[in-house]
Structures are given as structure tokens and as C-alpha cells.
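Note that chain A is present in both complexes that follow, paired respectively with chain B and with chain C.
Our next item is the complex of A and B:
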């Protein structure tokens, strides 16, 4: 179950299908799918010399090229392809579709192919972005794709269709016909589970695989069951870069970084191409700092040896090592720039202090000290508004049911410190959206006496790193699942059931996943405990994108009302005074 | 009495809490549910009474280890029954099992996995010997009570607890069988290497045949339409010809041109019926409205429709329309609408366009040919080197050595040619941005290929060299051996490596061989000079000034060396 390899396999098969000079024609959705797993040079080595978009109308006519089309079949792209085939710009066409192609689409395409340029028509189910070998995303983000329909329990229909197809593609590319389980509280998870199940039945001929020891499990979860994880500051490399700078299809935009060198304005983070990144992506900033230091030293040692060219032999060696050396030098400056930018941001926004309180709120919570710290941080002008909002949100999620919670005065404090009303309204949104009435599991382990005791114990035990204590709710769910202890009452099966410990688990999270969860999954898989997990979701969130998605949804919900209505819940007690 | 019952219930509790998870995790036991109950536990072979499954197991192991398969089948059948008896009270959480059995069940919990393996053959297990270590390549633990000692039920090797804790389903022959197998303890390797486990080939589905089926239908229709129009075109051509002839024959009389035009129009309409002017107000293709002066009405001579000026064009009339060349003895022009025009000419134009081969295609074909030649000789050459090394062939007159030398020469020639062609492709004239991109990308890919394959090759001769200098102190050889004396492998010359580049000792008389050698060296230096210059250009472009400095020093050095060589050669041949 290595989804990066699965996607790479598909693409290699496409570009190896035919020899000769080739052009690769993509659409807006298949471009990120490919750019996440392939590099320019690997495409070049397969004689794919040009890459272009099918929606680019100004492509030149080059009949001596063979054209590999990799297209997500939608009505728009089929129309573009029809126009392309009517007046073919290239010699031969090899059409690959990232999902099932309807009969009528085949017919339409066949009708216009008067020059008989099409050689192959295939369905290759690489219909998702593979980020890590065990982590994928459907890249459904605003504004192109909205998740929620007209309430927090309904799908936007276009997105829903895309998600069903995406999940099916994941299953087909991994060759799994799973039993489907879903989170019972989530209406959207249930709808998706049913629809995926129906599609598997419908496409029965595709889902014929060799039997497995235990049936694979597709577990459909809802982000709303764990609103905490995307709100936390991150300290491991991959997660931190996404939280502070944003990783978009493996690329990081550094153009806003002060004094950045022009070639580093946009950098690529690729596990395959960058051994340093691969080694360090799950390490926290402390370990990362040490590693980057030794990386720089290694580089300096190499530079020294190459400066020291005194004989032809030295020079010849240098010339041989030069490409390698150049690559290293580029990589070193890339990571140094990235890490120094991260530490600059941490310093600037006093994120260490923020994170300490976040972790305390997320993991154990001692009300009086938390409140005191929170008030102190809100008053601190160095801390960004977004951080303050995140902190108060965490506070209100954590102490929602606590009788002496003081959200109202905190909101008042936010106002007094100049935080905009617009941002403050998020606190109301998230409570409406993922308050304890909306969640099915005991997220903070504070609802039963037993788990409360466990919690206190956890606090006493002491931790290695104050900033990375939190472990996402997801890891607990997986632990229960592989032990066969995940309750059917809260995670029912769509059809069938098994008590076997699953060996292959595919998770899809409605509402987005985080890199923190990706790291936990990677750790679970590395432990090789006899089961494999692949995690994915509608998108990969950081706190900003998560906030935006919820805010966008609430502005549109007819039931949501204005900011005032959502904040009303906090002012009720005050009216009572 | 009460104290006993207390302890009873207590142990019942512990038993339950212990065995329940086991029951969950090894649910295969449910497979056996259908069998009838059997009250007693007795060995099926010797009928000895047993108190527990575990005891029975041990008994079977000890006493009946070598029973044949037939008997084993019997055992299994019986075993199922026995097990269901035992499991039943447990699943109903009744407390009527004897204290002894309960204690044993606690063990069953731990050994549950191994229990299942009893069905699976042990014939392939490795023999237990003293001081064995875990067979996992990354683990060197000696196997004992603390580290555990287990046979992987599939491969039979010994492993420690940590490397033999996974479970997969095996059949009685210890082969993987996900449907009818039993969960057995296996090692990591067996777990991972089962069929399909590491498969990364996703599902694909081909729609090509359906596509072609649909296309064939459509193509036939289009061809029919095309043929029909072509026939009309031919008829029109014939009409024109006869009219021209008539005009020629009646040259004497002054036939007013208007009538000629009129006659032609009539004959045109006899082939294709024209649409009535009055019935059309807008052009059917572009929807612009017709006017009396501004946007006049025209008729397509092929389909007869009324069409505007913009949507129609004049097409040439040929007598033999099927000929490949369009502008051959054209006898006139007729107006045709866009659609008819493309229906008639599309195929022809497309084929013409396809037939044109731009220069880049030819060069690229050459490039591919060379590349495939390199791809086939390179591995052979590397094998040869390994062979030479292993046989310690150092004599240059040896046939194998000569062969290797030849193939290396061939490779280098091919690389040089490859490089040259790729550069030529890059410098070809281009007419569009895409062509520019295509050509520079081909060049880029070729450079990539050279970097991957040629630079490692230049390291290889060192091995040659090493053997040579160490043993025979023989002469130089080939292309890249310029660094001969300072080769790091030879301590005697290590001093040179830190010193100045060594110039060849000058002797007043030089053999032809030496001269040849010098030439080769010079050639190598020139090649390097060229390469360095490229690197410098690249470094300048990428603004890597650190690299640039070192590169420039290197270049100066090599230029010095080239001058020296030239002088030497010059001395030789004034």
C-alpha cells in the first residue's frame, strides 16, 4: 500500500506505452496529481519533452509528436478533448482518464476522431494527489470546491461526486475491495460510505481482487469529530512548513520572505528527489536544527575539497562530482532558507509560548492556569490575531461543558485588543460546527471519570517535548480498530462485518486531514505491527485554511445567521446577570 | 467454602477479561461453530483423557508427532469438535469450567496464535541447535527464553519474539492461503513477501476496443459524406472543362461574358440544387445577418446552401481530385462553405501535414539509434570490466583486454556523436515557442543521459589503470587516462596529487607510441576544456559565483596543460 508508487506506476506506464518524442497533455486537476509524484527530469528521461494543458488554446501544431493525454473525465474536459480531436494538433493520441469514462463520452470522442489519431483509450485510476506513501489528498479546496451544501451536514453536490470518485480511485489503485465503516454521528460520512458502497457494487467487474487474510477496511471519518488537531501549532518539519508557509502540490512559496534569493522564491519539497527532506520531514524543529547544521558542515567539507584543486586528478574528480555537488549546494541553501524562515516566524509571533498553552489546552487542561495564561497572551501585541483566535477556540472547545468557563470575558478581551469582529465570529462558528454536541467521541478524555484519571496521570508522567505532546484523536481510533475494539455502535459497517484484526486500513477524512496526522500514520506504519494504514481527506488543512473553510460555510448557511447570532450563545449567561 | 467460591469467581473474572480479547482477535474459532458438541477431551489417536486443549496439544506433539496426513485430518475434525465444546461455555460466559481448565485458558490466550498453527505442517521447520541467532538480517539476538525462540510457520527459520510476531493465514502445507488457511505466526519477510502484498500496480481498464467500434461507424459515415462531395466536385470540374472548350471553339463569335457566367451557373445548379436566396436571412454558420451591399449572399457550390463571404472560400477545381497534390493543373475555382471545404480536403491536408518531416525528427531518430546502441553496449562493457578484474587480466595484448578496449572506444565515440547531435537539435531554427521548448528539452534530456552514463564511464578506466600501473607500468591507454600518474590508488604518486600537475618528462627522442599518447592526452584535455567552459557558462547563468571561481582556476590550469602538450607535440613535429 504505497500510494505514491501506485500513482508513479500509472504515470510510468503512460509515458512508456510508446517511444518517440512525446507531449503530455493535462488538465487543471491532473496537473497537481502528476507534479506531486513526478519530476521534470523523470518525464524527460521517458522522452516526454513537452507538458501542456488541454485548456491552453494557443498550443502549436506539432504533428511529429505523439500525445499522451491524462485527463480527469468531466463534461468540460471531454468537450475540450472533442475539440482537440476534431482538429488534432499532434500525430497520435493516447488517451488516459483518471476515472471511469461514461459510454456516452466514449461515443462522443469516437465520433470526432475522423483522422483516426486515437490509439489507446484507458482508465488509469490515479485520481488523487499522493503526498506521502501513506498520505493522500483530493485537493478540494476553496474557492473551486466547496465542501458544505446549505448546512454543516450536507455535501455540496459537485464536491460530493468528486469525493466519491476520488475514494473509488484510491481503492482501485490499491486494489482493495473493503468493508466500509463510518462515523455514526456524521451525516456526511454516512452518505459517502453508502455512495462508495453503491459504486463498488455498480463497478463490480473492476473490484475483483485476490482474497486477503482479513478484509481491508475503509474507514470514513469526519473532521468535526476532532476540531482540535488543525488548530494547533506544528513543530515537525513537513507539518510546520505547511502551517506557517503552506505546501501546495509539493511547492512552497517563499517570495514573501525578506531578502530571499531569486532562485529560492519558490521551492520544491519532494521526498523522492530530496534525501534530506525525506530523512527529516517528521522530525521536530530541534532535531531538524541539529541535522541541518551537520548538513551544512558536510557541504562545507565538500566545498573545501573542491576548492582545493591542485592537480588534474583533483580537477577531474571535481568535474565528475560536479553535478552531484551542484545538487547538494542547491539543496543546502534551500533547506537553510526554509528553516531560517521558520525560526524567524516562530520568533516573530512568539509561537513557542502560544504552542505551550495550546498543548496544555489540548492535552490536559488546568482551568485556572490556562485562563490566566490565555489572558496574558491575548494582551500580548506580538502574538498574531489568528493565534489568539485559535487559542480562544481551543479554550472554548475544551471548557465548553465546564460550568466556570469564561469565554465571554475572553471574547471581550479579544475585542479590547483590537481583534476584528469578523475573526471573533469564528469562535462561535467552530462551537456550532464541532462543539461537544456535534462530536461522537470523548475528544478531551474528560467525559468519564476513568479517562479523566488517565488524563491527570498523563500530565504527571512528564513528557519529552512540551510542544509535541498532543496526539491526534485519529491515532486512538486506529489503535482501537486494529485491536478489534472499535465499537460498531459508533463506527458501524455499511454491509457485512468482521471481528478480524484488519491488516490493510484506508482512512478518508471528510473535511480534511493534517500533516500532524500524516506523521502519526507514518510512525504507525514504520512500527510494522502487521497492519498498514493509508490516510487521506478532502484536503490537507493548516489552521488558516481550516478557519477559512468553516467561516466560508457559515457565511452561506441560511441557518447560520450573522455573526451576532452565532455569538449569541456566549452572551446568554450575561443576560441572566 | 465461601472463600473458595470467592476465589472462583475472581479467577473467573480474570479468565474472562483475559480470554475475551483473545477470542476477539482470533475469531477463526467461529469457523468451527457448526460442529456438534463433545463433552470429553480425549486424544483421537490413543483416546487418552485430557484436561485441556493445551495439554492435548502437547500430548499430540510428544506422542503422535509423526502421524501421517490422513490421521491428521482425523485429528483436525476431532479438534474442531473439541474446541467448540471449550469455546461454548466461554462465549456464553458461564462459569462451569474447572479451575484447571481456566488456568490453561490463560495460557491459551498467549499461545492462541501458536495453537492455530497446529494444523499446519512442521516438516519444514529448522532443527533446533545450540546458540542460534535470529534469522532476521537486521537482528543478531541469540534466541533464548528472554528473547523468545520461534519458528516462522512458513519458512521454518528461527526468529526472536520481535521478528516473528506477525500472523497470516497458512494452509496445511504451510503455504499462504487467505481463504482456507489458519492464522499462523510468521516472520516479517514471509509476511511481506506474500503474493500481492507489495503490489503497486493499480487497476486499469481499457476502453480502446469500444472506442474503435464506435469510431468505425462514424468514420464510414464521414467517408461517405466526403466521397459524395468529392464526386460533386469532380462533376463540377467536368462542367467547367466543357464550357471552357465551348468558349474556345466559339472564339470567333463574341460570346458575351455574362451569358457564359449565366450558363455556368445553370450547369452548376444542375449538379447541386441551390438554396433559395429569399429563405435565408442569416448565415447558417456564423449567424451574421445578410445585407444588400455589406454582407452579400453566396452559394456553396458543393452543398447549395446560402453562405456569407467570411464563411466561404474559393477552392481549386481539378480534374482528378484524388491526386495527392492540390494545386496541380487547376482549371478554375468554385466557392465552397467552410464545412464542405474541410469535408473534402481535411483528409488530404492532414495526410500531407503528417508526411512532412521536420529536421528535428530526422535528427531525433539518429539520436535514438545511438542511444539504443549505447544502451546495449554499456552493460556488456561493464560486465567485461568486472570479468577482467576478477580474472586479473592485465596484459594488454590479451584478447579480452583488446575487446574491452575496443568496446570502450566505441562507447566513447557514440557518446561524442550523441552529444553532437543533441547540440545540433538544440541549435536548429525554430518557428514557434513550442518547437524551441521541445528542442531545448531534448537537449536537456540528452545532457541528463550523458551525465548519468558517461561520467560514471570515465571513472571506470581507473580500474584499468590501477591494474596496469601496479603491475606492468604499461603505457597510457585511451581517452580519459590523463590522470594516470596521480591516480589516488598508488601511494608512490600520491605526492603528485597535492603538487602541481605533472608534466610528462621530456626526452629528446620520442617514439611514435609516445606521440600517439600525447595526442590522446591533448584530445582529452581539449574535451575537458570544452566541458569546463560549459560548466562555467551554466554557473554564470545560475549565478553560482563560488563554483565559478573554482571552475575558472581549473580552466586556467587546463589551458596551461594544453599549451604544454602542444609544445611537446610541436617539439616532436616541428
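Our next item is the complex of A and C:
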């Protein structure tokens, strides 16, 4: 169940099967898929000397090359392929598609292949971006892909198709034919579950795998059941970089960082090639700081030894260690730059204070002190508008049902502190979108006496770190699932049912996942509890992209009634406000 | 890792289409003429365009040569290693033949490395000098990188092998000299006043010869390490560092389109310049004409 490996295997198989010098043609979606798991040098070592996009019209004619096309079958890419085959630029063509190819497309390609250059037509199901071995994303982000159709309960049809294919590809590449469970409250999760089930039936011949003792589970969840996790500040390395700077396909843009060296304007974070990152990606900033210190010291020791070259032996040793040394020096400066930028941002936006309140809102909920702190932070000019909006959103999610909540005066306070109307409207959107009426589980554990007691008990145990005490709702769900206690009434099966403890769990989250959840999954898998989990979603969110997605959806919904109507909810007291 | 092959279905469809269209192959383009050249007449009567691009660029041959050389090095390395091991073991036989063999192999490998390096350089020169299309140049650069990394890997393993052999040789030498030292001490005590006996003298001489030979060997090896290190350094500039942006596939693809775009821009600029020069030429011509007419005007009235 290592999805990075399975994508790598697909690609290695492709470049190994075709011998000799070759060119690799990709499209706009397969390029990130391949870039996330392979490097240019690994392609070069397989005699793949040229990589290009199929939509690049200015490719030269090179008949002496073989061509591997790795393409996501869509009507546009098939059209491009048709044009390519009509006037082939390369000698032989080996076509690999990242998903199932319809018969009509095959027919169309066969019709135009008058030069008989096509040697192979294959379906290799590497149709998702594998980020960590247990974490994938379909990279469906705005503006290319919209998630919601014309209400918060309908899919955009183009996105829906892509999601179905993506989930199927995950299942096929892991060779799993699962039982499907979904979140009952979510219309979109149900639609997806049914469609995936239907497709598995339709492509029955593909899903013939060796039967396992316990059937794997595909669990389809909805982000709206847990709107809190993407709103929190993050303190572990991978999650923090994404929250503050943004990781896009393993690349981080540092060009806005003051006094950055030109070669560090854009950096790469890859588990495979960067042992330091692999070791520290799930550690919090404090431990990371200590590790980076020892890393720098190791580097210093090496520099020193390389400086005093006195004898031939020294020189010999230096030359031997030189590549290692160069690699180390590049890596050290990369991580030092990154971590110093992170701590600069933390300092600048007083994120420690913000995060403390966030955690208190998410985990405990002591209304009077929370409110006081919140008012204090809103008045603080150093804290960014986005943080303030996040805090008030968390507050209103938390105390939505509490009779003495004070959202209206907080919004007034935001206005007085010069936060734009546009941003304030988000608070209304998220309440509409993921308020307690939209959620099916007791997210804050405050709805029943039993869970309330559990909460108090948790508070008594004490916490290791104030800033990372929140654990996403997802980990609770997984815990219940592996114990066989996840209620069928709220997480029904599409077909069949089992009471066994599942061994392989594949989770897909409609509406995006977060790196915080990825970290929890990695911990669960590392604890080797006899089951394995793979998590993925439509995209990987940080707070900014999450806010944008919801906002974009709400501006388009005709039923939403515009910003004013949503805000009206806060201006006049209504059921308990 | 499920996969599904659609090749058979594709071929089936293709064959039906081919029959329907009564094989349009033979008349379609120059490429097919190339394919079916056996059936074609010797003298092309039609206006076929002979496609030169079917032929790979010249430097591809060099690439093959380098590949062969690399294979050869790969074969020689284990042989050398086993010889090294055999030579390190203590023994009483005459070793000169073995030593010669080791020396020869080391020389050969070093030579091959040098040869590869110069060939890679030649690829660079050839692809730059020819008026190659943009993409071909990109490809030759990629090929150089790939060859360089292959060579780099090999040379580093070769150097490590040499270094460990050297260390062992040195270790044996120092052990040996210790042994000789003790022995001479013993004899000194016994024959303090008698001076060296002839047999002792002979022994010292022979051990000196052995030592000097060792010395020579060590210098030889150190030299080969040095040469390889030089090659290593030169190649390093070609190799992509792991984990950098340069090693990203998407980055390279983006660069490619950026390059193409800038090339197009430059072409446009070139066209503009050309237009300008054409204008200038016309102006110059007109000026010359006017000048000529003036001269005619000056001379005519007389």
C-alpha cells in the first residue's frame, strides 16, 4: 500500500519496456503526476533524453527517436494525439494512458494511424499525485477545477468525472476491490460512492484481484464534517510550509522572501531525495530547530575538514567526499533558508498567540476567556486579517449553538479594525457551509454528556504541546472504523457489509485534505497496528485555499442569496443568537 | 499496479481501417517511401521529398561509443578487484607477472575514463557547432548529463577500489618494515662487532629492492587516482545535483517551452531587423540614384 512506489513502478515500467533513445510526451496533468515521484536524472538514466508537452506545437521532427506518450485520456488530449499521429514527428509511438480508454477513442486513434507508427497502447493507472507513501491528492484546485456545481450539495460535472477516475485509479494501482462506505449526511460523498461502485461493476474484468481475508474499505468522507482542521495554524514542518508558503507539487516558491539568494528562489521538497526532510517532515518547529542546528554543525565539521587540505591523503579524502559535500551544502542552505523564513513569519504575525487561542477554541471551549482573548487579538494590529477571520470563524463554529455567543459584536469589532467586508462575509459562508446543521458528527464533543465527560478527562491528562494538541476528526473516525464500531447508520455501505476489522483502508475526502491529517495517518501507519491507511482528497488545503474555495462557491450559488443575506443571519437575533 | 493492454484491440481496429482505405500507405509521404524503398524504382520519378531527418545527428555515434567504453570499464572493474584481492594475500610465489597485469589493467581503465571524458566533450562541441534545432540541442545536453552521471558513478567506485587497495598495500609495507626492523635489531645484538655477514647484506639489499618496488607501485596508483579525480571534477559540472530544481521534470518541461518562446521572440526580432535593413537598402539605393542623377545633371548641360 505504498502509492508513491506504485506510481514509480508504472513509470519505470514504461521507460524500461521501450529500449533505446526516446522522448517522453506528457500533458498538463501527467506532468505533475510524474514530477512528484521521478527526477530528471532518473529518466535520463533510462535513456529518456527529451521530455516535452504534447501541447507544445514547436517540437522538432526527430525520426530517430522512439516516443513514449503518457497521457490522461480526455477529449482534448485525444485530439492532440490524433494530430500527432497524422503527422508523426518521431519513429515509433508507445501510448500509455493514465486511465481507462474508451473504445471509440481507440478506434479514432487507429483510424488516423496511417503511418502505422503506434506499437503499443496501454492503460497504466497512475492518475493521481502521490505526495507521501500514504497520502495522495488529485490536485483539483481553482481556477481550473471547481468542486461545487450550483449549490453546496452538487458536483461540478467535469470535476466529478475527474474524481471518479482518480479514485478508480487509486484502487487499481493498489489492486484493491473494496467495500465502499460513505458519509450519510453528505450528498456529494454518496453520489461519488455510488458512481465508483457502478464503475467497478462496469469494469469488472479490471477488478479481478486475489481475494483477501478481509475486504479493503474505501471510505468516502466530506470536508464539511470537519471544517476546523484546515483553519488551524500548523506547527509541523510539512504542514507549516504549506500553510505559510504553499507547497505546489513538491515545489515551494520563496521569491517573496527578503534577501533570498537567487538559487533559493524556488526550492524542492522531496522525501525521496532529501533525507533531512524525510526525517523531519512530521516534527514540530521546536524539534526541527534542534535538528537543523545539529545538521548545520555536521556541515561545519565537514567544511572545516575540507578547508585544511595539507597532505595528499587529505586531498584524496576530499575528492572522494566532494559530491556528498556539495549535496549537503545545497541541502543545508535550503533548509536553513526555509526554517528561518518560517520563524520570521511566526514572529511577524504573532502566530504563537493566535495558535494558542485556536487550539483552545478547537479543543476546550471556555467561553468567557476565549471571548476575551479573541477581542484582544482582533484589536492587535500586528495580526493579519486572515488570522482574525480564521479565529472568528472558529469561534462561531464552536459556539454556534451556545445561547450567549457574541458573534455579532465580534464582527462589529472586525469592521472597526478595518477588516474588509469581503473577508468578513466568509464567516457567514462557512457557517452556512459547514455549520452544525451540515455536519453529521459531534465535532467538538460537546453535544452529549458522555463525550463531554471524555473531553474533561482528556483535559485532565495534560498535553505535551499547547500548539499541536488538536487531533483531526479523521483520526477518531479511523479509530472507530478499525475497532468495527463505526455506525452503519451514519457511515452506510453501498453494497454488502462486514463486521470484520479492516486491514486496508483507503480514504477519500471530498473537498480536500490537509497535511495535519497526513501526519496523523503517517503516525497511525508507523505504529503498525495491523492495518494500513491511505488518505487522499480532491486537493491539499491550507487555510487560504480553503477559504478561497468556499468563498468562490458561495459567490456563484444563486440560492445563497448573496453576501448580504448571509450576514443578515448575524445582524438580527434568531433561534438562540 | 494493475495494467491493461489495449494494443490488440488497437491493432484490430487499425487493420480494418487499413483494408477499408486500400492501404493509403504507399502514396502518403516520404517516410513511407523510405520504408518501402525495396519496392520502389532506383530512380525516383515522383516529386517525393527525401526526408533527411530520419537520420540521427552525427554525434549519436559518439554516444554509442561512449556506451561501449562504459560497458568495457564495467567488465574490467571486477577483474581488477579480484586481482587486487589475490595480490594482497601473502604468498611466496613470484608476483611480478601479477603486478604487471594489475598495472596494465589500471592503465587501461584510466585510459578508458579519459577517452570517455574527451568523447563527451566532443558531443558538446559537435552539437553546438552544427546548426541543430533547439530541441536537438536540449537533447544532446541531456545525453551529456546522463553519460556524465554514469561515468561519475563508475569513476567513484573505481577510485574507492584503488584507495582501499592502496591502504592495504601501505599497511602491508609498514608491517613488513617493522618485521625487517626487528630482525635487523636481533642481528645487531648478535653480531655487534662483526659487522654484516654477506648473507645479511644480501637480505638487506633484497628487502630494499622490495621496498622501492612497493614505493613505485604506490606512486603509480596515486597517479591514477589523481587522473581520475581530475576527470571527476570536470564531469561534475555536467551532472545534475539531486534534490535541486534542475532535477525536476516539470521545471525542465517549463524551461523548454520558455526557451521555445524566447526563440520565437528572437526570430521575430530578426525578421524585424531584416525588414529594417531592407528599408535601409532601398533608401540607400534611392540616395545613390539621386546622387547619380545629380551628377548627370551637373555634367549634362555642358
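Note that in this section the second predicted complex is superposed on the first by the 573 of 577 C-alpha atoms of A that agree within 3 Å, B and C clash if a C-alpha of one lies under 4 Å from a C-alpha of the other, contacts with A are read in each partner's own complex, and residues count from 1 in each chain.
Convention: a contact is a pair of C-beta atoms (placed from the backbone, for glycine too) under 8 Å apart; a residue touches a chain by one contact, two chains touch by 3 or more.
This is a predicted model, so every value here is computed, not measured.
With chain A as the common reference, the superposed partners chain B and chain C clash.
Of the two partner chains placed around the shared chain by superposition, neither chain B nor chain C is touched by A:544. In the superposition on chain A, A:528 makes contact with chain B only, while chain C stays out of contact range. In the superposed model, A:251 makes contact with chain C only, not with chain B. Touch criterion met: A:19 reaches chain B, while chain C stays clear of it.
Using the contact criterion defined above for the overlaid structures, shared-chain residue A:408 touches neither chain B nor chain C, since it reaches no partner. Of the two partner chains, chain B is the only one touched by A:501; chain C is not. By the touch criterion defined above, A:60 lies against chain B and chain C together after alignment on the C-alpha atoms of chain A.
Touch criterion met: A:211 reaches chain B, while chain C stays clear of it.
Once the two complexes are overlaid on the shared chain, A:273 sits against chain C while remaining clear of chain B. Residues 6, 9-10, 13, 21, 41, 44-45, 47, 49-50, 52, 59-64, 88, 100-101, 103, 106-107, 109-111, 113-116, 118-125, 172-173, 175, 206, 209, 312, 316, 319-320, 322-323, 326 of chain A contact both chain B in one complex and chain C in the other.
Those residues of chain A that touch chain B in the shared complex are 2, 5-6, 8-10, 13, 19-21, 41, 44-45, 47, 49-50, 52, 59-65, 88, 91, 100-101, 103, 106-107, 109-116, 118-126, 172-175, 206, 209-213, 263, 303, 306-307, 309-316, 318-320, 322-323, 325-326, 329, 483-485, 498-501, 528-530. Remark: chain C residues 1-7, 9-11, 13-14, 17-18, 21, 24-25, 28-29, 31-32, 51, 53-57, 60, 133-136, 138-139, 142-143, 145-146, 149-150, 152, 156, 159-160, 163, 222, 225, 229, 232-233, 236, 240-253, 256-257, 260, 264 touch chain A in the complex. Residues 6, 9-10, 13, 21, 23, 26, 31-32, 34-35, 38-41, 43-45, 47, 49-53, 56, 58-64, 88, 100-101, 103, 106-107, 109-111, 113-116, 118-125, 172-173, 175, 206, 209, 249-251, 266-268, 270, 273-274, 312, 316, 319-320, 322-323, 326-327, 330-331 of chain A touch chain C in their complex. Looking at the complex, you find that chain B touches chain A at residues 21, 24-25, 27, 30, 165-169, 178-179, 181, 183, 188, 191, 195-196, 198-208, 210-215, 217-219, 222, 346-347, 350, 353-354, 356-358, 360-361, 364, 368, 432-435, 437-438, 441-442, 444-445, 448-449, 451, 455, 458-459, 480, 482-483, 486-488, 496-502, 528, 531-532, 535, 542-544, 546-547, 549-550, 553-554, 557-558, 561.
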